[in-house]
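Data block below; observations after.
Naming follows writing order (A, B, C and D), and every chain is counted from residue 1.
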Amino acid sequence: MSILVNKDTRVVVQGITGGQGTFHSARMMAAGTNIVAGMTPGKGGQKAVNDVPVFNTVREAVEQTGANASVIFVPARFAADAIIEAADAELPLTVCLTEHIPVMDMIKVRNYIDGTNTRLIGPNCPGLVTPGESNLGIISNDIVKPGPIGVVSKSGTLTYEVVYALSYNGLGQSTCVGIGGDPVAGTDFIDVLEMFEADDQTEEIILMGEIGGNAEEKAAEYIKNHVSKPVTAFIAGATAPPGRKMGHAGAIVDGDSGTAQGKQDALREAGVRVAEHPEQIVEIIMANR
Amino acid sequence: MNLYEYQAKRLFAKYGIPIPQGDVAKTPEEAKAVAEKLGGRVIVKSQVHTGGRGKAGGVKLADDAADAAAKAKEILGLDIKGHVTRTVLIDELAPGGIEQEIYLAILIDRAAKKPMIMASYEGGMDIEEVAATQPEKIFKVWVDPSVGLKGYQATYIASGMGLPKELWKEFGKLLANLYTCFMGSDAELAEINPLVITGEGHLMALDGKVTIDDSALYRQPELAAMEDKEVIPASELKAAEAGVSFIQLDGNIGCMVNGAGLAMTTMDIIQLFGGSPANFLDIGGGADAAKVTTALEIILSDPKVKAVLINIFGGITRGDEVAKGIVAALDAIDTDVPMILRLAGTNAKEGLEILAGANLPTAETLSDAARKAIAAAA
Amino acid sequence: MNLYEYQAKRLFAKYGIPIPQGDVAKTPEEAKAVAEKLGGRVIVKSQVHTGGRGKAGGVKLADDAADAAAKAKEILGLDIKGHVTRTVLIDELAPGGIEQEIYLAILIDRAAKKPMIMASYEGGMDIEEVAATQPEKIFKVWVDPSVGLKGYQATYIASGMGLPKELWKEFGKLLANLYTCFMGSDAELAEINPLVITGEGHLMALDGKVTIDDSALYRQPELAAMEDKEVIPASELKAAEAGVSFIQLDGNIGCMVNGAGLAMTTMDIIQLFGGSPANFLDIGGGADAAKVTTALEIILSDPKVKAVLINIFGGITRGDEVAKGIVAALDAIDTDVPMILRLAGTNAKEGLEILAGANLPTAETLSDAARKAIAAAA
Amino acid sequence: MSILVNKDTRVVVQGITGGQGTFHSARMMAAGTNIVAGMTPGKGGQKAVNDVPVFNTVREAVEQTGANASVIFVPARFAADAIIEAADAELPLTVCLTEHIPVMDMIKVRNYIDGTNTRLIGPNCPGLVTPGESNLGIISNDIVKPGPIGVVSKSGTLTYEVVYALSYNGLGQSTCVGIGGDPVAGTDFIDVLEMFEADDQTEEIILMGEIGGNAEEKAAEYIKNHVSKPVTAFIAGATAPPGRKMGHAGAIVDGDSGTAQGKQDALREAGVRVAEHPEQIVEIIMANR
């Protein structure tokens, strides 16, 4: 098995006729992804890259091709509506790669999709891949390899780095999920941890977080109570300059939470093996297998 | 993007929130003219994007127009935590004095995924300590944007903090206006500290801090135009124009990395092994010669930089293509600062061969690269 | 509350939806003047709160101003299903003719608890038959008011019904305007049938029907003022003023009941036992002498009424108090129409004794009361 | 047992200092209802009828008295916000008696409370009563009696009529719930049927509907599949004049549904005993016990 996507996932690409949509659709198809439709308003009836049929709306694409997942490649100012369109068309899964979506738009999107059965991955993420089955996003298929490690990460290139090292050392992945680092995202660490815990193929889990927010602390709490599989983690940003401080308000709300140290401590306390730099992730896993 | 106090207060006024009369000045003469127009005692306040102005001497009372000019002269040019004062705000004092200082803010609560309103009757400079030691004195409500701010939420805050009943209606209106301002401006924060009850028995915003969501600036042209580009370091401006994410730091090892997470990690590992990063630089997608050249120029414009670590993960962009870009860029730049190059991912091997062929020092792992860069900078 | 076609179209125009030029007239002379101003051929349309105007002769083409006066003369005073025409609308014809008739409506879908948009390329008079026989030709989308109408929803409809692509943008704008109109007016229905593509290649609303939520009229004063009180029966106006809910029917047994459900049930049981109710009347909470008197006056103003059934359930209001109110009211009204009174609930027994003491015919059960009323009216 | 309310229900009355609020609070308390707080903005700190403490907001009332249900007596233009306030204060139950709330307000309210754990009864309803335990609303306590019959109804006075007849004939009620007849309400027949089916005290169920909408048809479908207890039903409005017809749209949407005949047929088909007039309800139940 694997989580979220597999060979049977039927994908519609939102924004398929744009530059990014065309380029990455070809790459995804080369990786074996079953792209059944594209969507660009006003271009319905045309053919996109590799003769993929284009529809004017996601709903039409779903009605006519049975698509059950989408990948969104549209500019930030249209991305929030694209996510809502995917949910309105009752797709079980939509992956939004777009960065710089205004946070209030994402608050409204999250509020909307929470009332639906649609799972959103992202935005501002590299997507997800089940190696050898389906690749929804921009994680290079050249660096992944099927296997027993579940990977969930806020950061794109850091994921590539670690996945590459895993594959290089013969450690394949069940599914790699980039959840994105935006303050309001569709899917949190906990959602993915729950899926990995339930997934037969996944034997152990890598979690890569970043400073800021408290998603890692919450994940630690969840792991302590609900995850039996070994988890190895890395937190990026120990030396990052403090971000814009949001007036007194930021200090009142955040207190001391959100630091790399605090997150590492919380994870260690939950029994997670915490790497000090990304190369150590693979070392820790190799040493314990 | 942060607004200056005077910009925040003008924005508040546009939404019907009472602020003191006042205006900005860039010279003591202008300050005098403003103070004359206001009449009486005034307050002269440094306009910089940082806190702690009061303790740094950036906020002073003036008895009359001449005094205002004198105080402005003291404050203009004042460096507050690296922020040089170029503008002062001259405001009238709260009519009738200050009866009570209230803290009031709306911000985005990332955990709740909603706008949150915070208020306290213990407003003023020590609000952070109040929050830490007497959290029950901070009243919080969360607003669901699909239904908006409700009257009972303003009542809950007013009632909880003990605002006199005759001011509830005024407070409710002010809070509703602040919420409309917050939402209409795509703000991440709108803070009034202090919101005061004046001696005349009305509410007035004596200070203001507003942060706008950078991602929403495209639809906030009036607010975007308020950005004071003069105070942004030239290197950051240049980086922004090239689509490169750059933050200046204090160390001596320049970093050029693709991807924010990997860039942070590269800084982390330099520090872990005893070095000190000079900057955060995320070159973004692609790494062609032009982009690498610009990024290098930005990094090398910092004289503290003693070595540069270039760490590129070849994913969609192949390692050999990146290597060619780097070689071309280094040909075009005249520098003797040592460069340590690390390529990984797709076609990394081919890339490293190209770099080695150009006599460039390479590293295969990130820790190896960090150690070599630290050694080179020592 | 229903708007007349001309009111609906003026409301549309306020929200940027294109409508034909035109104006209303209450006399043939006024109609002539409007037609002269418009020039050329016009259409003269009865303004009544009912459908089927065309088949009833309430809509006629006119070749010129004189003809418009003649057609207005035919239509003014025309009775369409009990609605007498007091006003006509004189509109220009669609510029360049009609290329296509589209059906477009927004209404509240009570099952989905959301505004629903319906559209079809088979617009015009036969849309109901299209809905019944070719439901796939009706395109529907539901709007979540917390996020509003989205562009892709307009695209779905335009694409589905086969609207030419060059009109998609115009249609999207028109639909967005109609949605804004719908929400801003607290409408339960906003319907355009037909929305046409004119010979000049643009969209235009040739007809309009808008229903406003009565409960929201308090915050829609401009729309509330559009109500044409002249066409409301005097009895209903009088009832509304007294806070009594009244609908005139065709039978001969007047009904006075407290509560809508019980009032409907009282009518049902009269019919079930072979009688025919003359009205629906819900007297609401309380049943004092003044209210009972007004209600009785309204019921008895219908000469068809041969008997009256008064059915009051004593809940909060006690049965004895109600009985006293009824006795006082009947004392004040001079009528020989037989009354059957039924009291139930709290203190019903005491109430029935009071009524019996005043020599009023009573019934203990609802079915008993219905049978007695039917017998009295026979 | 019983459903929704019992002796332990701690009630806050929203709008307690108004005429209706004062009058009915006294009546509810006389019926044994445990009213622990009242709420009227600006009157916090005062005492209402029977010395009930008044708070400025529901949240304060909950924080200080542990109230876990509310009854709303406020005018229509403030009622929607009052419901949202109750839900925001995390009350598990709120009963809104107010009539004439604009339908769009109720759509927004329903959308909001569906994302919370608050159950709304009403609006435009007489409330609910568990005889001998707690009475939240305006159903006269004089006409109810504890017993085995669960009653759910759209109509107020019709409920009184039938409950009176039940009690008069010695048939007590477990709980009587007036769900109100507004097009968008907080609680549907199905919600209450589910609770009655699960309630030990309830032996059989009376359902009273009205013409219009399709709630009765849906209830019939639900009864067929999920309700094992006997159900007796009555539909009011067989002779009612057709309501305002919503243009062509109404006909397109409703078709032939919503008539008394259609509802009676659907209920009979689901095995429900359908009374032709309300007196028959009691007759049917008596004949079958």
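Definition applied: a contact is a pair of C-beta atoms (placed from the backbone, for glycine too) under 8 Å apart; a residue touches a chain by one contact, two chains touch by 3 or more.
The structure presented is a predicted model; accordingly, all values stated were derived computationally and were not measured.
Of the two chain pairs examined here, A-C and A-B, the one linked by more C-beta pairs in contact is A-B. Ranking all chains by how far their C-alpha centres lie from the centre of chain B, first place goes to C. Per-chain CA centroids place chain A at a distance of 45 Å from chain D.
With centres set at the average Cα position, the gap from chain A to chain C is 53 Å. For the pair chain C and chain D, the distance between mean C-alpha positions equals 28 Å.
Residues of chain C found to touch two or more other chains are 144, 146-147. Multi-chain contact residues of chain A, defined as those touching 2 or more other chains: 108, 111. Per the touch definition, chain A reaches chain D in the complex via residues 111, 114-115. The part of chain B that touches chain D in the complex is made up of residues 144, 146-147, 150-153, 155-156, 159-160, 165, 168.
Within the complex formed with chain C, the residues of chain A that make contact are 41-42, 44, 56-60, 81, 84-85, 88, 108, 111-112. Those residues of chain D that touch chain C in the complex are listed here as 27, 76-77, 100-105, 107-108, 110-111, 138-140, 142-143, 153-161, 164, 181, 183-184, 208, 210-211, 213-214, 234, 236-241, 244-253, 255, 260, 276-279. Residues 2, 51, 103, 105, 107-111, 113-116, 118, 127-128, 131-132, 138, 144-146, 183, 186, 188-189, 191, 193, 209, 211, 213-216, 218-219, 247, 249, 257-265, 267-272, 277, 280, 313, 315-316, 344-346, 365-367 of chain B touch chain A in their complex.
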